[in-house]
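Before anything else, here is the set of structures, which you'll find just below.
Here chain A shows up in two complexes: once beside chain B, once beside chain C.
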Partner chain A sequence: MRLVRRETPLKGGQVRAFAAGVVIALVLGAILLVSTGHNPAEVYAKMLDASLGSPRGWSATLTRAVPLGLAGLAVAVAGSMGLWNIGAEGQLIAGAIGAAWVARFGGDWNGFVLITAMLLGAVVGGALIALGPALARARLGVNEIITTLMLNEVAIRVVRYLVNGPWKDPEGNNFPVAPELPPQSALPGFFERANIGVLIAAAVIGAVGFYSARSAWGYELKIAGSSAKAAEYVGISLKAKILTVLVLSGAIAGLAGGIELTGSSTRLVEGVGGGFGFAGIIVAALALMRPSGVAAVAVAFGAVQIGGGAIQTLGVPASIAGILQALILFGALGAAVLTNYRVVVK
Partner chain B sequence: MSRAELVGLLISVISFGTLLYLAALGELIAEKSGVLNLGVEGTMAMGGVTGFLIGVQSGSAWFALLIAALVGAVFASIHGIVSVVMGADQVVSGLALTILGLGLSAFLGKDYVSSAPGAKFNAINLGPLSDLGVVGETLFSMNGVSWLAIALGIATWFMLSRTRMGLSLRAVGESAATADAAGTPVVLTRMIAVAIGGAMAGMSGGYLTLVLAPGWNEGTTAGRGWIAVALVIFGAWKPGRVLFGALLFGGLIALEPRLQTLGLDVSPILMSMVPYLLTIAVLIVLSIRSRNRPSVAPAAIGLAFRREER
Partner chain C sequence: MLGENGAGKTTLMNVLAGVYLPDEGTVSLDGVEHQFNKPADAIAAGVGMVHQEFRLIPTFSVAENVVLGSAPTLVAKRAIEDEVAALAERFGLATEPGRQIWQLSMGERQRVEILKALWRDAKVLILDEPTAVLTPNEAAELGRITSAMADDGRSIIFISHKLDEVKEFCDEATVLRGGKTVAGSLSVADLDAGAMAELMVGQATDVSQRRSRTSEIGNQVCSVTDMMVHDLHQRAVVNGVSLTVAEGEIVGIAGVAGNGQRPLADAIAGLVKLTSGTVTLAGTDLSTSQPSARNAAGLAYVPEDRIGVGLAPKMNVTENAMMRAYRKLSSGSLIDRDKARANGERLVSEFNVKVGQMDSPIAALSGGNLQRLLVGRELDNEPKVLIAAQPTRGLDVQGVAAIQRILLAQAADGLGILLISEDLEELFALSDRLLVMHEGKVVAEVDPDTATRSEVGRAMAGA
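Showing the complex of A and B:
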C-alpha cells in the first residue's frame, strides 16, 4: 500500500477533510470519555443542546465565535502572504489593555463615544505589539514565528503586572483585577445573550474577505505569498507588504480583545486572552487561510467550547473542549492528505 | 544575604536550569533534524501529569520519571506522524499538540489536583566533596536528575558533533533532499529526533511535578515550554550555549521570589518577561550577523520532505 499524488487535488477536499476531522475527534473523544466512566452519547447530546439547541445556545456560541473568528482572520491575513502570526494571543491581550486604557483615562463620555474609542484603542494596542515583529521581519528578515510567539508571553505578563500592580482595583478585595468598567462601556445586546460584537466581527471578516479577494492589494498579497521573486519582478514592495500585513493582522486580533472586554467582561482580568489567539491559529489552518472558512470554523469551535463548558454538570471537565479542538485539527490534517494523494493497494 | 540563603538561591538556579535544559535539549535535537516542535509546552504538561500520577501510585520517583519520558516520546510522535510522515505544516501541528497536551493533562489529572506527592528524589551524596564550602553544599543538594541533565547534554553534544548518527541527523536538518540522495532515511531520522525530543520534554515535565513544585495543577507548566523553545535560539543550536542559557534563564526565575529580600525594587512579574525579550534581542542580533556569514539555524527547519517533490 502506498500513497500516490493526485494530478489535481480532490474537489471540495477541505470541507470533507474538516468533516472527517470532526468525526475522528468525536470517536477519539468518545474513547476517552468511556475509559473515564462517562457516557459519550449523553455528553455529546448535552454539548449539542447547550450550544446549538436553542436561540440562547446559539447566542452563546456566536458570542464565543467572535474572538475565535477575529483571531483566525488575523492569522489568515498574514497566512495568505505566507507569514505566520503566532502572536494573536498576545495581540488580543494588548487590544484588551488598549481598550481598558481608554476607559481608564478617557473622559466622561456617553456609551457610543466610549465604546468606539475603546475599540479604537484595542485596534491600536494590537497593531502596536505587532509592529515590532513586523519591522524586524521587513527590515532585518527576523523570523516572525518566534518573535510573535515570545510576545505572547510578554503580553500575558504585562496584563498580570497591571492587574496586580498599578491598575489593581483598590476595592477588589485584594483580587488581581482592574476596577469595573463604566456601565455604558458594555456593548449593546443583539439577541438573547449575544451582543453586537457578533455583527462587528461578521462585518470585519466580510470586509477583509471581500477586499482581499477582489482588490489589487489582495491580489498582490497572493503573488507575494506564492513567490517572492515574482512579486519583486512585477514591482511589489515586499517590505511594505510584510509591514502592513503583520500590523493589520495585529490590529484585527487587538479588535478581538476590545470586543471581549466591552462585550463579555466587566473589567480587565489576567485571563482576558482566554487561549483564543492560539485556537485562532487552528481555526485559520482548518479554513486554509480563507476568511469565509474562518467564520464557519469559528462557529463550529465556538459550539465545541460552549458545549464543553455545559457538560461540567455531568462531572466532565471543560478541558474536553480543548482536546476536541486539537483532535479535529489532527484528524483533518490526516484526512487532508487524502485530498492530495490516492491510496494505491498492490 | 546569609550563607544559607545563598545556597538556597544556587540550588533554585540549578533546579530551574535542569527543568529548562532538559526540555530545550530535546527541542534542539528535533530542530537539528529540521523539525520545529511548538508542542513542548503541551508535552511537558503530559509528562508532568503522568510523572506525578505514577509517582503517587508507585512511590518510585525514577520509575515515574521514566514513564513521563516514555509518554513524552509517544505524545511528541503525534507531531512527528502528522508533520513528518504526512507532511502537514510544522507550526500548526506543534501548536495543536500543545493545545491537546494542556487539555488532556487537565482532563487526566483532575482527580489528583490536591493529592500529596508520592515519591521524591534523594540528593546524591558526594562524600568529602560536600565540605567544600558553598559550592560543595550546593552540589551536595543536587539530585540525580540534574546530573542526568548534564550527562544528556554532553551525550547530545558528542552525538551531534562526533558520531555518524549525529552527522546524518544534521544532514537531514540542513538539506533533506541531499541526505536522501546519500541514502539517509529522512523520515525515520526525523521521527526518532522528534521522539527523543519529546522524551526529554516529558522528563522535564516529570521533574517539575516530582521535584520542583511537587504536586499537580492545571497550568503548572506556566509557559516554561515556550522558554525551552526560546533557549534553543538563544543558545544558537549548540548544547553548551543552551546550558549557559538554561542557567541564566533559570537564574532569573530563581531570583523572582527573592527580589524583595535582596532589596531590589523590581516587580517579579516584570522580571519574568526578561527571557522572552532577551530571546527576541538575540534573534535580531543573529539576523544582522547572518547577513555576512552563514546562518546558525538548521537550513531545512520547518520544511516538510516528500521525495517526489524534491
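Showing the complex of A and C:
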C-alpha cells in the first residue's frame, strides 16, 4: 500500500476528509471507552449535547472558538504566503499584556472607550512582538519559525515577571496575579455565556478571510506563497509583503489575547495564553492555510474541546477525554492527506 | 568529454558512476565488466564523480564531509583531520580540514569533493563541468591538481563544453552530440578548435528553413548599453554587453548555457540589479525601474523557467492568466471575478491553450500549453519588446512550431524580440541578427543568412 499524489486536490476533499477522520476517531474512541467501562453512545451523546445541543452549549463552544479562530487566522494569513508564524501563543500573551497595560490607566474611563482602547492595546502588543521576526525575515532572511517560536518563551516569561513583580496585586494574598481589571472592561454579553467577543472575532475572521480571497492584496500574497521568484517577476515586493503579513498576523493573535482578557478573565495571570496560540497552528493546518476556512474549523475544534470537558461529569477521566479529543484532531489532520494523495493498494 | 548542453555527457557519466542504470551496454574497468546498481558499487570499484551540484553538508567540517559514509564507527576528530590533511598535501590540494563547508568558496568546496573521491581511492575521477563555478585562478589551480593526479596513475574524465579548457587539461577528447558519440578518443594535440566545434554543433542548417522576412525592420526600440551584472560570488556574469533591438526585428542570442544569457534577460526585465550600464526602452531609461514598471512600459518577458518564475505553480489557470493584468481587473482593491475569468478564457481561446478547467492548478497542463498560456499572457498588453528565453525548450515538435509561429507573426506586426536559445537551428531560422555570448560577453555578431554553424559554434566555445 502506498500513497500517490493526486494531480489536482480532491474537490471538497477537506470536508470529506475531516468527516472521515472524525468517524475513524470515534470508532477508535469507542473501543477505548468500552475497554475502560464506559458506554460510548452515552459519552458521545453527552459530548454533542454539551457543545452543540443547546444555546448554552453553543455559547460555550463559540466562546472557545474565538481565541482558536483568531489564532488560527493569524497562522493562516502568514501561511497563505508560505510563512510559518509559530508565535501566535506569544503574540496572544503580548496582546493580553497590551490590553492589561491600557487598563492600568483607564480605571475611570467609560466601558466603551476602555474596551476599545484595551483591544487596540492588544492589537499593538501582538503586532510589536511580531515586528522583530518580521523585520529579521524581510531584511536578513532569518527563519521566522525559529524567531517566532522563541519569542513565545520570552512572552511567557515577561507575563510571569509582570504578575510576580511590578504588576503584582498588593491585595492578591501574595498570589502571582495582576490587580483586578476595572469592572466596565468586561465585554458585554451576547447570548447565554457568550460575550460580544464572538461577534468581534467573527467580523475580523470574515473580513480578513474575504479580503485575502478576493482582493489584489490577497492575490499577491498567494503568488508570493506559490513562488517567490514568480512574485519578483510580477514586481511584488517580497520584503514589504513579509513585513505586513507577519505584523498583521501578530496583530490578529494579539487581538485574541485582548478578547480573552476582557471577555473571559478578570485579571492578567500567568496562564493567559491558554495554549490557544499553539492550537491555532492546528486550526490553520486543518483549514489548509486558507483564512476563509478558519471559522468552521475553529467552531468544530471548540466543540470537541467543550464536549471533551463535559463528559468528565459522566465519570470519564480527564485523561480519557483528552485522548478522545486528540484522536479526533489526529484523525481529521491525518485524513486531510487524502485530499492530496490517494491510496494505491499493490 | 566534449559536447553541447543536452548532448548526454552528464547522463553517460552518471551511468559510469552508478547513479543511473544503463538499459543496454556494459561498463568495464581494467578489462573487467562491472554492474553498478548504486553509486556505492561504483565507488567500491574505484570510480568517483564530482557532480556539478556539490554533494556536501554545509554545517559539517571538511574532514567530516570527506570521510562521511566511510568513517570508522568511532571517530577521533583530530586523527581524521590529520589524515585528510595528509591526503590533501599529497596531491597539493590546499584545504583546512577543520573548517565548515559553508565558510568555503566554491573552489575550496570543489577541492573537498575531489578529496572525497581520493579518500575512497578513486582510480577514475569524473569531473562534471568543474570550471563552471571557478574563478580563472581557481581553474588554473584545478589544472595543477588534475595533472598531479594523472601523474599518480589515475584517470580523469573532464566534462566540458569549453574548447580551450579541453585543449589545456586533456590528452584525449570524446565528442558527444544528441546522445551519440560522434568522435571518440581524439588526440587533443592534433585537433584544432574549429574541428572540435564543428563536431560539437553538427552540420550546417537547412537553408530553406530560414524565415522569409515579411515586414521591414523599423526604428530601434530597445537598447542595452555596457551592462555589467555580478552574481552572489561577485563574478561578472554579464560583462559589458551592449545590444539593440528594433521594431519588427528578432535578435537571437546564441551561447552555451551559463554564459550570461539568463542574467542578461533577468537584468533587462528588472529581476536582477545592474552593476552598471543602462537599459532603455522606447527612449525611456529603465535601468533602475521595478519589473512591473518595465512591463508597463512595454517590456514583456517569457523567462527560461516557465513554472516558478513566469507562472505560479500552485495557482490555477485564471489566476496565472491575470498575473500582469490583475490591477486592471480590479475595482477598488477587490479583483472582479467575472472580469478575471473572462480574461483567462479569452487568453486560453486566443492562444489555443488546452485546459481541463479554468480553476485547476496549472501543474496539470502540458509543457506546450503552459508555454502558450505564458507567451499569450505576455503578448496580451501589446508590448514593444519581448524577451523570449528558451521559448521552445522541452516542447514537442508541434509545440515548438506553434511558439515559433507566434513569434514570427508578432515580429511581422512590429514587435521587437530578443530570442535567447540554445537551439542553433531555431536561432538561424528565426533571427534577423545573431549575437553569440561567451563568458558574459557578446563575442560575435553574425548575419544568419550568411554565417555557418561552425562559425557560431566556435564563437560559442570561446575559440
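Going forward, the second predicted complex is superposed on the first by the 304 of 346 C-alpha atoms of A that agree within 3 Å, B and C clash if a C-alpha of one lies under 4 Å from a C-alpha of the other, contacts with A are read in each partner's own complex, and residues count from 1 in each chain.
By our rule, a residue touches a chain if its C-beta (ideal position, glycine included) is under 8 Å from a C-beta of that chain, and two chains touch if they have at least 3 such contacts.
Model, not experiment: these values are computed from the prediction.
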Tell me which partner A:226 touches in the superposition: chain B (first), chain C (second), both or neither. second
With both complexes overlaid on chain A, does A:146 touch chain B (first), chain C (second), both or neither? first
Determine, under the contact definition given at the top, whether A:235 touches first (chain B), second (chain C), both, or neither. second
Check whether A:319 is in contact with chain B, with chain C, with both or with neither, and answer first, second, both or neither. first
Which partner reaches more residues of chain A, chain B or chain C? B
Touched partner set for A:28, first chain B, second chain C, both or neither: neither
Of the two partner chains, chain B (first) and chain C (second), which one does A:160 touch, if any: first, second, both, or neither? first
Quick check for you: in the superposed arrangement, does A:45 touch first (chain B), second (chain C), both or neither? neither
Scan A:131 for contacts with chain B and chain C and give back first, second, both or neither. neither
Looking at the complex, which residues from chain C come into contact with chain A? 269-271, 290-293, 295, 301, 303, 305, 308-315, 319, 322-324, 326-327, 330, 333-335, 337, 360-361, 363-364
Of chain A, residues touching chain C in the complex: 7-8, 211, 214-217, 219, 222-223, 225-227, 229-235
Footprint of chain B on chain A - complex, ascending: 5, 32, 36, 84, 86, 132, 136, 140-143, 145-147, 149-154, 156-158, 160-161, 164-165, 275, 278-279, 281-282, 285, 317, 319-323, 325-327, 329-330, 333-334, 336-337
In their complex, what parts of chain B are in touch with chain A? 36, 38, 78, 82, 86-89, 91-93, 95-100, 102-104, 106-107, 110, 218, 223, 226-227, 229-230, 233, 267, 269-270, 272-273, 276-277, 279-280, 283-284, 287-288, 308
